[in-house]
Every structure is written in structure tokens, then in C-alpha cells.
Amino acid sequence: MEDNVLEIRGVHKSYPGFTMRDVDLVVPTGHVTGLIGPNGAGKTTLVKLVMNLITREAGEIDVFGLDNLLHEAEVKARIGFVYDEPNFPHDVNARDLGRAIGPFYRGWSGERYRRLLGEFGIPVRKRFKALSKGMQMKLALAIALAHDADLLLMDEPTAGLDLEFRRDLLEHLAAILEDERKSVLFSTHVTSDLERFADFITLIRDGEIVFSLPTSDLRDAWGVVKGAADVLARLDAPDVRGVRTGPHGVEALVANASLARTKCGPGVVIDRPSLDDVLVLMTRGDSYVESH
Amino acid sequence: MDDLLVVERIRKAWDVVALEDVSLRLPPGHIMGIAGPNGSGKTTLIRLILGHIRPDGGAIRVFGDDPGLSGRAIRSRIGFVLDRPISYEHLSVTRLGRLVADFYADWDEVEFQRLLDEFELPGRRRASALSRGMRVKLGLALALAHNAELLVLDEPTTGLDPVFRRELLARLSAIIADGRTSVLFSTQILTDLDRVADFAVFLRGGRVVFSGPKDDLLDRWAIVRGGPELAAAAGADAVRGIRRSRMGFDVLFDDMDAAKPYCDGPAVLERPTLDDVFLLLGSKESQ
Amino acid sequence: MWNLIRKDLILGRWTLIVNGSMALLAPFILLIPDEPPPVILYVLYVGLMCTMLPVSLIAKEDKFSATAFTCSLPVTRDDIVTSRYLGGWFIAGGWMAAVLALGLLAPAVRDLWSNGAGGALLGGLTMLGLTIAIVIPFTIRFGMNGLLFGLVGLQVLGMVLFIGALATGGLDGIERAVKSVIDAVGSYHERVGPAGFAVTVIFGVALLNWVSWKASRRIFRTRDL
Amino acid sequence: MYIYDIYSMSTMTGDLDTPETPRMRVILSNSSSEPIYEQIARQIRAQIIGGELEEGSLLSSIRSLARDLQVSVITTKRAYEELEREGLIDTVGGKGTFVAAQNPQFLREKRMSLVEEKLADAVSEARLVGLSLDDLSEMLRLLAEEE
Amino acid sequence: MKALIRKDLRLLAPYWWLILPGHVLFSANGVISPEFLFWIGVALAASFTVGLAVIDWRFDADRFVAALPVDRPAQVRARYVGAIGAAVLGTALYVAYGSVIVAAFPARLGWRTGAGAWNSPEGIAVFFLVAAALVLILLPLLFRLGLVRGIWSFGFVALAVMAVAISRVSNAGAEAPSQALVEELAVFVDDRGAAVAWPLVLASLMGLIWLSARLSIAGFRSREL
């Protein structure tokens, strides 16, 4: 059993206006890895590279220890995928989709698929176009979860879904993860979902992996130092991950809050960073290109 | 300065009840966030304010008038961004500006150009070529360029990344700084309300589950997470919601002091996040 | 790979039924007032309607950009291309045979086959083969809109050439060239006789499909979805 | 590396510590259990008693403070109301909010209660850690001599 | 209301260079006969009138417009001004194309001239009536039922109107219904004398427009957006 379900080494991919150069990423098995980053950072590109929807100029991608080009079919047989724009034909209903997709997967269970449809409240006969956006996403999820995949690859699966469904979905995924052979790679803008649920967080920006860290590190070791401008001088530079100046002082994201505490003394506020804070403080203003 | 928006016991139903007995008030110079799951009535409420539909029961007053009767006058003082931020996407940004400008007597072209620069929106680019975040900003620029007194935004932050969201919310905070303009926006991401929202309204199945200053929730309310013995707390009057958790029960209190007696022993007393409040408030067990 | 064809059949059920029924209208050709039409017309009509089936499936997949979904299933890209060719032949060929067989039940249609049956069938198969060989690589490379633009572009080009030839009086030059090609085929037909001619045509169509299949695989391998 | 240069850039240009009118400084923490409006009131009260905000100086308005701190207007209003009840600030209709005239005696009293409060915290912390009274007074003596 | 009209013009602005050449090419078929020219003219006029009528649905902007400071009667009035304007434009184009054709092929065609001819006042009035009638029926349905149900019900209503019109006129001349209508109007004008007939025709036309507008306003007032 591989200790890494997904390994991306030295991948190079470029679009007009966007390049991703020698990207390395490792997704450990049996865990949930959250992928966060601003629009156009390359989250969707990564997912598409793994699924071989787009070609790459250089680099290797191993899934379940197998090269995803040489063993394309076998690798994809064990991946459950959900894209931010579920692109099923519009005049198809859930029952047809199940009958058409089922045979592709060894682990497919029609019974589990029906149970998921019931649980997610998806009408079996209704045409795809007639479903609400939320319902369309739930159908894509039902299909991804119905064939007992070892890796769930999700690009923005909860876009436009409400809090209650997101919580149920996370609980559903948590149940799946009790089997430590399963893993989840989950890209989202709603970072509050990841805060409690993800074991590792990978931040990607402008085509570069900025870091891949356990969520506990971000939550417990990292800190946001808030204070007057002179506070920055007291911090040692390599520890600072990002700075933002506000009308009332500065906010500095540091990778070692306890170290910062010793440096700054008791008077300075050091908060626990939310993932939004991490993302905002490590992003330089508003540099957005078309989302990839 | 009386309230900009007054909604009294509004009822609206098609084959299913969309809004039932909803009341809220929005004074000038404040931000109100409306949160709720899909189909909880958020968009219905916005359509009522814009006069797209008429209520079946209750009354709604915007700037003191009924949107159904004097909709035109009211809408000339409202800036809106619908959940589809931009229509007529085949037009360029400047052309869209000219089209919308025609409808507003007090359209301020200088302000519109300034907003386009601030939001880094290229004038010649077609709206269809903009990302969702950029389109929301264009919608906002169009809404702000005729110094509207009430801004109505339907799920502006859905699908935006955190940096964009925080920037948009900061912009809303700046808008109300003049003390005259108010903002009403719906959202599914409760962290949007954490910071700048003054009032929070939680809708579930068309009913108001909470409505009031958001600070009450963050400063006064409390959550006790504990074992099965907490089931006994269900009866207490300060309890606003109770929900089964893995280890036992999570109980939501609307007063920190009322919660203290329940957290002796293993139970933990915490300050709630808006996500927790929202989930616990409407949870089935609490009804 | 047969799963892919099965998937297309299930998901494209309604499209196939609607377009397929068009082929069933073939016998109405008999209503044309003058003496019964040559059987080649009947077969070509059925052939054309049947080739619309795979083309409409490809158009549907292209319209909803469902190819990304198909490509995410546990299949290789080559499987997808191969399933389009085999699927095309299987669906179009199969339905064409069925419709023609069905037509035999009606006596009026049966005696249509009295003369020139072989040629007609050959014509139908050739058209089927040519359409599949051209449409699939074209749609993979340029998508359905590309194909439509291409067709419209060809028509406009044809019109321009025609007017150009009309203006410069080169019309008969083109006629002569076309006539010479027809004569060459005619003389070849005499030399090898109908059976030999049929074999060569079938071999030609098969070769074309093979080349087209190879090209499509190469194009699709590097196409970003 | 990108992150380093942002840090050094901000210090080099020194735009952070340009001398400004003695402005009120409020740093909010969102993970402390103290409500936001109390944090605001506490920090402004300390800056008034500490003398950084002299008598009569103009404070930023409720709304511009809310905008700066990215909090709700109601929060800053509640903080100002609390300070006004304590007589530390007063709002002149139309002109804004000013630091109220503090009579020195009232100021000393306020400072004394502040010191008392801090000592009480120190004592409770010490008890938690198991420090005895002598150790605590020893530490106090060392700290006092240092200044 | 003026802003709404300018809006529609602005929306069409990027498309003019595409619409006009298409129309000119299409109208060339009118060379066959006045009947052909008439119906092609009506088709062209309809492309303007119906195009304008559904423009906000085409861009999925009906909620966007309803959120602007305009009341519903103003939207209806602006839509009618646009529709009638388009019908006038269609009529003008019809006459223009006709005159170009007559000028280019005078001898061979020998179209009828004088009273009851395609370009006589009666001919133009009938053309305008038919072009406008189309949209005067469609708009109330669109405003009351929205796009999808509006177009469906329009289909049925239009069929009914066509059936009535053709059955009434068929005895006069099956193969040229429009010219038959023109003759009928010419006879109507002769009987009563131009001074009486034309005001009557104009009055009935205005009445028709007014009635359709009233229906639309009533329907749109209570429509939920």
C-alpha cells in the first residue's frame, strides 16, 4: 500500500497568460488534503493534469504508484472525480447515468448509488437540465461516491451548496475515510469547510505550490501577529510569511507563533490564523486572471 | 432618519411556502447579511424588495413606499447586483455603462470611471470575457455609480475566493461609512457575516430563525459541547438549539451566564462561530 | 471500450430514436410522381439518414463539452477515439441494414431492388465510410462548430470558384476535368468487372478509415479538454 | 524569495512609522474570548489614561473606526457608548467625539484601578503555577528595579 | 421609456453588420414573383420585430431590466414602439427590394402595376398589416406567459389565424393569397372612395395596436419575474 496516493514531480504546463513550472506535490494516502488558492492559481489545472484531461509539457504524475499515462485506465478506475462544472448531457436523468456509467467501474454498486441518490434527495427521473445547480453537484458527487473509489478528486464540489449539505457531505467523506486506504484531494474557496476536516493544506498561487503543511501546523504553530508598525522589526524575517498594513497597524503571518511571542512580548496580539487569513496574507493584492 | 427597509410579517407562497411571517428593519448606514440554505427564501425576499413580485400577506416598505406601487421611484435609489451579476454580456464594459447610465437621473460618470479604475476593469473588454469575481465588481460599479441609498446584492460572494470576498466586504464597509447608504446582501458563506455585517438574518424554510445585531451572536451567545447528560438542558428557556454530536450533545444558549451552570465536568463552554449558530438554531431536535 | 459505445447508446437514446426514425421515412420516396426511382437514390437516402446518427451523438457530446467527463472515465484516450469509429459503423451500419431489411417487407420497395442492387449498396457503404472518416477527425480537431463553419466555408468557396470560372470562361475546363475522372472510373469498372470494382472501393474506404483513425488518435492525444 | 522582500520592503520604505498626529491605535484579536467592543473600549481607555490621547483631541468617528477595523458599526457604537458612560469621552453633536476633560484626581484613581487589575491577574496566574507569595514579591522587586 | 428604446438599439448595435448583409442576400429570392417577394419581405420584417420582442429573454436579462427604475407599462410601450418601428423598417425594405428587382428585370417579369399591384398603397398597407399583426399577436402572449409558454401559445394562435385568413381568401386564388388580400383592399378602397377608406384603415390599424398594447400591459402588470 503506497504511503502517497498521488505524487506530482516537476510538472510543467503553460496556457497563454499562465504557466506552471516544475511543480511537486505529494498527497498522503488515508488523509484529506485541501487545495486552496485564489482564482486562476492553477487548482483546476492540477486536477485536470491528474485526470489526463490536459497534456503536460514535462514531469511525471504517479497515482496509486502507477504512472497516470502508462496505466491511464487502471488509475482512473480507482478515482472518483467531481468538477466545478458537472458536464453531463442535459437531457439525461440520474437513472440512465447510473446504468451507463456503472459498467466502467469494478467497485460500482447500483444499490449504493440509489441509496446516495435518496440520501442527497436527487429525483431519479428528472432531466439534468431541470435540476438546480446544487442538485447537479450532488448528482456528480453521488456518481463519484458510488464506485468505492480509493481517491476522491474534487474541484470546488461545494460551490453554491448550503452549509447544511456541506456539513453532511463532510461527515459522509469522514465515514469513507475510516478505511485508511481511501484519500481525498479537495479544492475549495470555502475554507471553513477545510479547517475542521482537512489533514493537510496545500496553497497554490500563480502556478506555484507555496506550501503543503498539516492543518494542525497552520492552526497551532502559525500565528497572525497584530500590532503597531514597529512590531515587524522585532520579528525575524524568515519566520514572516506575509504582511498586510491596515490603518491601525500591521498584521504579520508568522510560521512560528511561540517564537514570535518571545520576540514581541506579552503586549502584542497573536491570533490563531483562519485559512482565509493565511490565503489573504500570502496573496499580494488583486492579481486575478481567468480561472484555470 | 427612519428605516430604509421595513418588512412586516411578509408571506409569499407558490406551490410551496417561500416566505412565512418574515419581519426585519434596516436603518440607514448599516449592513444586513441574509443567510440561509438553497430555497430558504433569500432570493424571494430580494425580488420583493425590487418589486419583481408581490407579497401574498404582510407589508414591505422601501424608503417608506410599497415597491409594488411606486417601484420606479424606489428602484431609482437602489443599486442592485443579482445572482447573475451581469446581463447583456456581449457588450463591452463601457457600452454596458452607457446603457445603464441612461436609466438613472443622478448617474455620476466620473464616479463610474473611478470605480472601474479602482476595480481594475478594462473598459474595452467584453463582459463575457471577465471572470465571475470581475463581473461581480462590474455589477457593483454599475450599482454604485448613481449614488444609490440602498444596495441589494444577491449572493455576491458565491464562487469567489477568500481574497476577493474579503476585499468585496471591505468595500461594503466603506460604502456605509457615509451613514446614509445601507447594504443588504444574501450569502451562503457565513464567514462573510463575521466581520462587517451589523445585522444578521438567518432564514430556514422561509422562516426567520434569527434576526438581530450579529454581535449578540458572537459576544453573548455560547455553546456547550458535552456528553449525553446535556439532553436535560433541552428544556431551559435560554436554550435556542440542541443537536446530537458524536460524543453527546451540542447545546446553543443565547446567554453566556445561563450556559455556565451546564459546563461543569467534561462539558466545554465555547464562543460560537456563525456556522455553529446557524446549524444549531434550526436543528430538528430543537423544535 | 464496448462500455463507451453502450454509454453513448444509453445516454443518447432519445437523439438516436428521433434521428433514426427519419431513416424509416425512406419508402415515401416512392411517392415521387414519375416511374419508380433508381434504387441507389433509396439506399443513399437511408445511408445519409443513418450516418446522421453517430454525427448527432458526437455533436451532443461536443455541445455539452461532455468529452471531459467521458475522458475521466477509466478509459484511455485511444479507447475514446476507437469507440467513435466502431460505434459509428456499428450504429449507422446496423440501423441502415435494419431499415433496408424492413423496407423489403413492402412489395413496392422489394421490386425496387430488381436492378442495380449491388451498386446501390456499394454507394451507401461508401458514403457511410467517407462521412465517418471525415467527420470524426474534423470534430475532434475543430469541434462541431468548426465542422459547420468548415461546411459553410466550403459552400462559399464553391460559389466563389463557380463565379470565377463563369467569369473567366474556364467553366468547360472544369467540366472536362470532372468528365475525365468519371471516364477513368468507368473504364476501370469495365476492366475489373463489378465484383473487382466493389472490392477495390471497399478496400479504399477501409484504408481511408484506417488512416483517419490513426490521425484522430494522434490529434486527440494532445488535445486539452 | 517573495515573502522576504515584502517584509523588508515595508520596513525600508519606512512608510509605517511616519510621524502622525497621535492617532488612536486599536488591535483586535478574533480568537480571544473578550468581545470585540470590549477590546476596543479597553484599548482606547488605556490610551486615554496612559496620556497618549490627550484631553480634547478628536477621535475617529464611530463609522470610520468601524471601517478601519473592518467591524460592524454597532460594535464601535457600543464601545464608544461604554467609554462615554465612564465619562472618558464625550460626543459633540455634528462635530465628533473628543477625549473628555479628565480631572487629575479621577485620572489617578483610574490608573490605580488599572494597576490593581493587572496585579490581580498576576496573582491568579502565580497561584496557577504554584508560586508562593515570597517568589511573587521577589519577582516584583526585580521588575521594579529594572525600569 | 426613451432609455428602454435606446437600450434595444444599443443591444442590436454590435449585430447590424451581420443582420443587413444576410437580409439582402435572402431577399434576392424575391425575384421569382410578387407573392414570393411579399412573404420573404414578411419573413425579413418578422426577424426584426420578433427579434426585438424577445431580445431581453435572449440575453436572459428580464430580471435585470425589471430591477432598473422603469415601471412595467413603460417597458411594454417601449417594446411596442420598437416592434412597430421594426415593422415600418421591414416595409421600407420590402418596397426597396421590390423596386430594385423591378428595375433590374423589368421586361422578363412583367409584374402587375397600378391599383392592387404589390407596390400600390394597398399593397404596402397589406404588407405592413401582416408584418405588424405577427408581433401584435406575439407580444401580449410573451408579456403574460413569458418566453417559452408565450412562443408555444403563439404557435397555436398563429396557426388559427392563418387557417382563417387562408380559408377566407382561398376561393379568390389559392396560389397568391397575399395578392388576393391586396386586391380585396383595393376593392374596399374603391367602393368607399379613398377619402373615407384610408382613415378607416388607419383607424382600425391604430385600434389593433392600442388593443394589443392594453392586453400586454394588463398581462405584464401581474407577471412574476
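We call the chains A, B, C, D and E, going by the order they appear; numbering starts again at 1 in every chain.
Everything below uses one rule, namely that a residue touches a chain if its C-beta (ideal position, glycine included) is under 8 Å from a C-beta of that chain, and two chains touch if they have at least 3 such contacts.
The shown structure was predicted, so the numbers you read here are calculated from the model rather than taken from an experiment.
Counting only chains that touch, the fewest steps needed to get from chain C to chain E is 3.
Chains that touch both chain A and chain E: B. Distances between chain centres, each the mean of the C-alpha atoms, put E farthest from chain A. In this assembly, C is the chain whose CA centroid lies farthest from the centroid of chain D.
With centres set at the average Cα position, the gap from chain B to chain E is 46 Å. The distance from the centre of chain B to the centre of chain D, each centre being the mean of the chain's C-alpha atoms, comes to 32 Å.
For the pair chain B and chain C, the distance between mean C-alpha positions equals 57 Å. Averaged C-alpha coordinates put the centre of chain A at 40 Å from the centre of chain D. Under the contact definition stated at the top, the residues of chain D that touch 2 or more other chains are 30, 70. Interfaces, counted as pairs of touching chains, are A-B, A-C, A-D, B-D, B-E. Put simply, chain B touches chain D in their complex at residues 29-31, 169-170, 173-174, 176-179, 194-198, 213-215, 218-219, 271. Here chain A touches chain B in the complex through residues 36-40, 132, 134, 159-165, 167, 189-192, 274-276, 279-280, 283, 286, 288-291, going by the rule given at the top. Chain A contributes residues 48, 51-55, 72-77, 79, 81, 83, 86-92, 96-97, 99-101, 103-105 to its touches with chain C in the complex.
Residues 226-230, 232-233, 237-238, 240-243, 245-250, 252, 268-272, 282, 284 of chain A are the ones touching chain D in the complex. Across the complex, chain B meets chain A through its residues 36-40, 120, 129, 131-134, 158-167, 188-191, 273, 275, 278-279.
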